[in-house]
Every structure is written in structure tokens, then in C-alpha cells.
Amino acid sequence: MKKLIRGLRDFKSSYFRANEELFEQLSHGQKPRVLFITCSDSRIDPNLITQAGLGELFVIRNAGNIIPPFGATNGGEGATIEYAIQALDIQQIIICGHSHCGAMKGLMKLDKLRVEMPLVHDWLKYAEATRQLVNENYSDYEGEELLDVIIAENVLTQIENLRTYPVIRSKLYQGKLSIYAWIYQIEAGEVLGYDPQNHAYVLLQNELPPSEINQKLISPPLTSNVEIHSSEIKEQAYKLPQEIPSSEYEWFPMTVLSPEQMERIYRGSMAK
Amino acid sequence: MKKLIRGLRDFKSSYFRANEELFEQLSHGQKPRVLFITCSDSRIDPNLITQAGLGELFVIRNAGNIIPPFGATNGGEGATIEYAIQALDIQQIIICGHSHCGAMKGLMKLDKLRVEMPLVHDWLKYAEATRQLVNENYSDYEGEELLDVIIAENVLTQIENLRTYPVIRSKLYQGKLSIYAWIYQIEAGEVLGYDPQNHAYVLLQNELPPSEINQKLISPPLTSNVEIHSSEIKEQAYKLPQEIPSSEYEWFPMTVLSPEQMERIYRGSMAK
Amino acid sequence: MKKLIRGLRDFKSSYFRANEELFEQLSHGQKPRVLFITCSDSRIDPNLITQAGLGELFVIRNAGNIIPPFGATNGGEGATIEYAIQALDIQQIIICGHSHCGAMKGLMKLDKLRVEMPLVHDWLKYAEATRQLVNENYSDYEGEELLDVIIAENVLTQIENLRTYPVIRSKLYQGKLSIYAWIYQIEAGEVLGYDPQNHAYVLLQNELPPSEINQKLISPPLTSNVEIHSSEIKEQAYKLPQEIPSSEYEWFPMTVLSPEQMERIYRGSMAK
Amino acid sequence: MKKLIRGLRDFKSSYFRANEELFEQLSHGQKPRVLFITCSDSRIDPNLITQAGLGELFVIRNAGNIIPPFGATNGGEGATIEYAIQALDIQQIIICGHSHCGAMKGLMKLDKLRVEMPLVHDWLKYAEATRQLVNENYSDYEGEELLDVIIAENVLTQIENLRTYPVIRSKLYQGKLSIYAWIYQIEAGEVLGYDPQNHAYVLLQNELPPSEINQKLISPPLTSNVEIHSSEIKEQAYKLPQEIPSSEYEWFPMTVLSPEQMERIYRGSMAK
């Protein structure tokens, strides 16, 4: 606690003093452009990893970056989403999962939680679609690889849930809202974004040379797992594209990949 | 969006590169010491204002830093609290409200929300104790002053709700858990902490010269409002003290204040 | 009642006598191939309009052919869907709305229902996404035309809700499930099916030449409403296609109706 | 699917063409006289077995023809019942169970369902009264016979649930509503109706000669099971009579049966 108190003082004397104008201005209101939904995990700092300034990210954080379907409960998620879209007119939503997620580990031993952590157990009901999908389609995965798949699939499951909210449905309908699926990889300090074109999670730092991207796509179990199941490819092919206006595709590295690179990526994942 | 993607790259090339060891270590697990509950407001960055490092703060964020009482709903708040206390053995919780809070403004025009934002309306039900307490005890306040009181009272209301969770109750009982009420003042870049001894929110940067503190305590409507109502004093008197082991009192500035300063503060607030 | 009792006797002496073998066989179990979800409206007889035999359609009927999102409630819809997919291994789902739907009329005067029919009012919460979408995107429609749009949009809203069920999500993922949006037009005795290619509801009795589609699509209030909003077209473009394997496209009529038929349909519907 | 599309065309060209006037008339509104609540089972076609025409039956269908008690959940059942009674002024309700019901089989192995089909498991909670009554009063039954008893009792349990709805309670009170318990026997193509006088389910085709009725009454395990348990008789004795104005008794065959016939029926079942 002492440390935090000292931190408050340092913040005031350094950062605040250097940006008094910004704070003066912020005190008159906020106009964030992005709703950032992520896990409560202490290893994630949305503003740090995106280098976003104060006033840019409206943030929802809970265990497992989970969004209950509309009407399923009266927790803070629905109200905060409604406020972000309706009152703040935010037009971009990022749901950001992360590697080594404790909540997703919980999905792998759900029964154990019923007694130990009943509230967590009940909360994970909203990730049940992830659990069942993975059980029925990834029976050959286990350990870290299985966890990576669960993490990747859960972000997409939560987007399905997000789509049931009236405010979301209406804005998507008008083409005024974009939803992005991200995964933050702690050990690499990198963020993978869901690529609707290739049905895979790919590196978002698109200035990296293709060779590296390729490497990325086949090296971490995450994306390769996600890629090799053709059933899944078909599935994911229709999951996100709707929310990502083609003008956004440029964010995705594959636009700078050559057929040969894609080919290598494909082989890379089939190799598993 | 472009900006965020660039930010990701900058983060990787600068911060991450400079701290690879930390990330390597974090990838093996988290051991946060504090559960930080605050608003989704884009103007708040918990790690920035406390200068806390990655891995130190487990964060819950929703509109209005509200915690529904145990059993009231199946949102993410309860599950995340349970996980923080049970699985991560966190022993310190900070509920941090903030000035100019949009959710608290909503409490002032609740009926209007029923139609405009039904989910926000239903969510604010868990701050109804704040609304009623303020209506019945601050009838002479309005505008900004009233909002400051609502913000200050709501943090304490949410602590009452927090106390209804089995895991919280049990840990408090064992003296293994401390709960702090904070208010972040955007325009001042300062954090006020609730002082159970004087039933007031006071500056946490306790090295500031007494004169400034005094000024702080009597100038912003916030703390003075909070102080003058004896009903509220009685109310607050039983709220936090039992959870704050005396060893924690030193965090509070008044311990370094002279009786004269305390006296001035007292008069300052009674003067209203 | 007398009439129904007589009907039972007639059924036994006529239909049953003529098909004893079928009944003998059915008594050993059911193997329906389609889950047919429609309204309780007395003017709809699923087996009659599809000429389906006994044992072919597993049927859910409630006011408004509404499916609450997963976890939103514990009504019969979720359990029946789970039983249909899990226990009966059904791989095709049809959600069939219909013209002149009383429940959808209720959506147009929701407040009035709060007191008059509280349960209907609460039930329509699961069609709130339809109400909001239509309010915000069809402000220039009213009366019969508005009702037609609400009916058409609601079927698509309910498919969004349907997608949040774990069993549905997993089967879609494996490409083992198809979901169809239908609208039964009582006055015409015809069924319009959602056509993902043209983002419109079109006649399922497939006789028309491609050239006519366009005409067809702008003539009847229903489809024309559905079509003229480009925003909606973009929206619908991504709504259903995922669930309709291209092999299914042939079901769609736009290929072969004569101009005369289109003309008749046009006049027929405009006559209203 | 092809088959259904062809069916739609056949329906239009045959049935619809032959009854255009009826459809024209139906398009102006519905005035059904009966609310027919039955199972989703594909082997049941309410309009076929009762030979009822379009516009006569307002239909609710879910797994197990179950009606949750008022206030227990927000599924479609309550809203649809409210709409039927309040908006359509329907004055007759039939709850129709059926032989070989999969949902009722589920009641016999409830624990197994908890994991396999959680939603079905939770849904059957509203048939728990049936399960317990049968467990405690039919310990000597098993297999098909037990299933028949469960099916018969469940229809009566659901009528108890139905009676908890405000609209139902009020109409019953005014003698403006009649509720009937039916069981459709697939293999026989016959419907048994609950007879409040003799506390038995009996054949509704009341023109059959007594001898046949008698035979009927003793042959299927169903009705005899239902009959011989005095506990059950007592149970049923207070269940339906109060809702069936004596004017309705004539529907029941036993009113034309002689004491000797009843005697035979009684002996017939005791003989087992």
C-alpha cells in the first residue's frame, strides 16, 4: 500500500504536472473512441499495450473477458456496453483475451469449481458455448495447446453473445459499429487479431516483414491450432467478417503476404 | 484504430524490449497484491495514477464502480471478486470512484434512464442505497456539489455491498483483508482516501505541506460535504474502521497533522 | 368441444385406419429431420403448409416465435432446442414468422402491454433488438408496412439469439447444422425464405427467372421493405449466409417465376 | 429440405387453391376457441388428430407439454397463455400428453441429464411434482407401466401449475374457463380424457359400445394404473372437478355407462 501511495505522489508531481492542460480538458468530459473489453488479469494494462492516452479507451474488465448474452443477467457488462454505445456513441469494440488466462483454465476443470468457487463456476456458464465447442472439436488437444484454443475460441463466443444486445444489433445493422477479436500474448508482448480472410489470428503489427509473420503464424500453438481445422475455418469464416468493414482489412498482415507465404502458412499449420 | 495498432508496435519495440525479463516472468503466473475496482471511464488508468507495475493490480471495471450485493445477480463482479480473494489470495481491495462520473450523474435522473438506457437503469439499482441516503440527508445540495456527495457516498455504499460476499466476510473476520475507499479527482490528478478516524476523504499524498492539505480539506465541496452531516458521520463511523487494522492508519495524512491543523480542518468544514 | 371429440373419432376411423402401419412404426420412436419453430397463432399448421408427414417436424410454438438468448431464462425453448439437437440429432432448424402476427403488433405498443399483459410485455424483451433496430432504421414506415418489416427482422433477431446456445454454436462450427428464416404469408398461402445472396426474403416455390427477382423483390411490401434500405442489405448480407451451405441455394426461387406470376404477387400484396 | 419446399408448393396449389376464401378471411384475424398445449414430439399433429381447421387451435408446444408455475421463469409459456386468455378470450384449454414421451422418460433418469442435457434437466424441474408423486405412490411400477403413470400424472401436475397464473385463476373463478387433461396414444391413434368423476383417463370417442370402452379401460396399462391407486384417486379427486362445470360432464363417456359397466371397469383394473 505504501508503494501505491508513493505512486500517487509521483504521478502527481511528474505525469500530471507535465500534462496539466490535458487533465483540465478531460475534466470537462470524455469522448473515448474504443470500448476495450478485457480480463481482470493483473498482467494486462490496456493503455500500456496500446499506448493509448487518457480518454481514449472505455474499459470493461472482468474474469475471462466474458459478456453474458442480452437478458441473461443484470451484471455490469450489459449496462456498461449500453452506456458506451448509447451515451458515448463509441463505434469500435475490442474484446481482448490473453494467454495463460486463469478463467479459461477454469473452463477446463469446471466441476472442481462448483464447490471451490461457486460464483466463478456460475459465471463461466456464459463461456459454456466455448467449452462445448472445444470439447467436441478439439478432442486431440491438451495442456497449453488446448488452453490456447479455448482462449482463441472464447473471444469469438463472446462476440456472439455481444451481438444479442439491442444497441449492438442496431448499430451493426447501420454499419456504424466494428467489433474486433484480439489476443494478447504476455510472453511475446504481442497482440494477435482475428483475421476473417484467413480465419486465423495473426500479428497486428503489420510492418513486420512477411517472413516473420509467417513464422508467427505457424510457431505459436495458438494460431496454428486455430487454423488447421477446416471445419473451424469454415466456421470462423463467417464469424467476424461482418463487423470488419473491408476498409479495415489493411490492418491485417495477410494483405502484404504473397501466395507463396500463405502457402507456407498453410503447410505450416497442416504440418501439425 | 490505426493509432492503436501503431501503439502495439511501439509498445513491443520500446517497453517490451526494455523489460523482456519481466514479461518472461509474468508469463509464468500473476501474484497481484491489490484488487482495484473502478469505473470504466476512459479518463482513468489505474496503473498510471498509482504508478503500479504490470502484475500488481487485479482490476474490475464497470460503469460506476458498482458491486451488486451477493446473490443479487450473476454478473462478472462477484465471480471476479471470488477469484481474486480465493484463487489469488489478494488481501487488499480498493474501490475507486472519480469526479465527474457519468454513472453517478445517471443516479440524479434515474427515471429518464428507464426508457433511454434500460440496462443502465437496472444496473443503478445497486446504487439505490446511495441515491436514497443522499436524497434524505443532502436535500440542501445540488449541481456539482450534490454530484460530489453522491460519488463519495457511493464508494462507501459499494463497500457495504462488497461486505456481503462470503469470501469477503470470512477474510475480514480473520483480519486478513483491508478495504479502501478512494476517489480520483481528474482535474487535480489527486486521489482522496476515506479517513475512518475523521469520517472524511483526505488527500493521500501525505507529504504535501499541511497548509495545502488544509486547503484541500476545506475547499473542494466533496470532503466538506462529506464531513458536516453527523448522520453521515455516524453512518461512516461504522463503515470502514473495523476493516482497517490500526497499522494502516499511518497511510492517512492526519497522523502527521498537528492538533491545530486538525482543529482548522474541523472548523473549516463546520463553517459551512 | 363436441366438434373436437367428433374429430378424434373421425381421425381414428379414417386417417388412422388407413395408416395403421405408420402409427405402429412411430410408436417405436421418432426421427424428425427438422426443428420447426413458429408462432402459436391458430392460423398456422406446420404440417399442413409443408405437407410434412407425422414424425418429420419437431415443433416449438410460442407467441411470436421467439427464442430467448442462452441463459436468459429457464423456459421451454432452450430445453427443447437442446433436446432436438443433442438427443434427436436434428440438423436443420426453421424459424418461421408469419404475416399479421399479434405478438409483433405488441412490439409496436409495448408500453400499453406493461399493465394489460405483463407477461407478454416481459416476453417481448427478447425481441427488443428487433424493436430498437426497426425504430432506428425504419422511422419512415408505419402501419402494415412497418409490421411486415418487424416480422421479417424479428426472425433474423431470433436467429442471433439461437446462435448463443452451446449446442447450436458447436454444431454450426462443425458445419452440421443449417438455420433457415421463413415467413408464412397467410393471405397468399405462401412462404418467403430469406435469401442470403440477395439479402431479401423471396418466394420458396422456385419457379421464377432471375430477371424477375429484382421486380419481385421490390413489389410485395414485405420484401420491398426489407430490401430498399441499403444499410439493411449490408446487414442482412452477413446475417444468414453462414448457416446456408451453398448447396442449399438451389432452394431459392428467384430463378423461375414468370413476369405474370410476379405481377400477380405484386398486385396481390399491394391490394392490401 | 427439398421435400418441404415441394410440400409448400403442393399446399399452395391444392389446399390453398381449394380454400382461398378461408385464407382471405383468416388474414383479417384469428378467433381460436381452444388453447392446445402439447409436446414438441414430431409424432403429434394437433390439427390432424382433432381434425380441427385452421384458426381453431392456438398452440403451445415444448418438450413434455410443461407449464412452469407463474413467476418461476420468463419463458414463452406464460406469455402465450396470457395472450390466449386475455387478448383472444379463449375459454377452453387442453393439455395433451402422449405415450412414449421422451421428456417424461427423462424424468426417470434425471441425474443422467444434469451433465448430458443441462437445459432439459433444469426444465424438468417444473415436472418435479410429478416425479415425486410417482416415486412415493407407484414404487411398485416400472418400465412401460411406470412411464404411462408418469405421463398421466404429469398432465395433471401441469394443470396445477396452469392454475397459478393470474389470468387463469380469475377466469376459473368466474366459471368462464374449462381445462381438460388429454393423453394421445400414438399406437392406438386414440385420445384418453381425464374423467373427474371416476378419477380415470377414459376414451373420448364416446359412441363406442360400452363393451369396447371397458376393454379399452382395462387393456392399456395406462388407465388401469391410473385407476387403482386410491392415493392417486384422492389426488385426482380434487384436481380437476372444480374447473369443469357439470355441463361439461356429458363429454365424458362414463356418464352413459351403467353402474354394472363401471363395476366391470373397476374390477377390470383391480384384476391386474
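All chains are identified by letter, namely A, B, C and D, in their written order; residue positions are counted from 1 within each chain.
Quick note on the criterion: a residue touches a chain if its C-beta (ideal position, glycine included) is under 8 Å from a C-beta of that chain, and two chains touch if they have at least 3 such contacts.
Everything numeric here is computed off the predicted structure, so don't read it as measured data.
Student: From the centre of chain C, which chain's CA centre is farthest?
Tutor: That would be chain B.
Student: So what's the Cα centroid distance for chain A and chain B, whole Å?
Tutor: Taking the average C-alpha coordinate of chain A and of chain B, the gap between them is 27 Å.
Student: Could you tell me the distance, in whole angstrom, between the mean C-alpha positions of chain B and chain D?
Tutor: 58
Student: What whole-number Å value describes the gap between the mean CA coordinates of chain A and chain C?
Tutor: Each chain's C-alpha centroid was found; their separation is 34 Å.
Student: For chain C, jot down the residues that touch at least 2 other chains.
Tutor: In chain C, residues 68, 72-73, 125 touch at least two other chains, as defined above.
Student: Given which chains touch which, is the overall layout a line, a ring, a star, complete, or other?
Tutor: Graph shape here is a line: each chain touches the next, no loop.
Student: Mind giving me all the chain pairs that touch?
Tutor: Touching chain pairs, listed by label, are A-B, A-C, C-D.
Student: Help me check something: in the complex, which residues belonging to chain D touch chain C?
Tutor: Residue list for chain D touching chain C: 1-12, 15-16, 20, 23-24, 26-27, 29-30, 32, 34, 40-45, 47-52, 54-64, 66, 68, 72-84, 86-87, 92, 94, 99-100, 102-103, 116-120, 122-125, 178, 180, 186-191, 204-207, 248, 251.
Student: Considering only the defined contacts, which chain C positions touch chain A in the complex?
Tutor: Chain C residues touching chain A: 68-73, 125-126, 128-129, 131-133, 136-137, 157, 160-161, 163-167, 169-170, 172-175, 231-232, 234-235, 237-239, 241-242.
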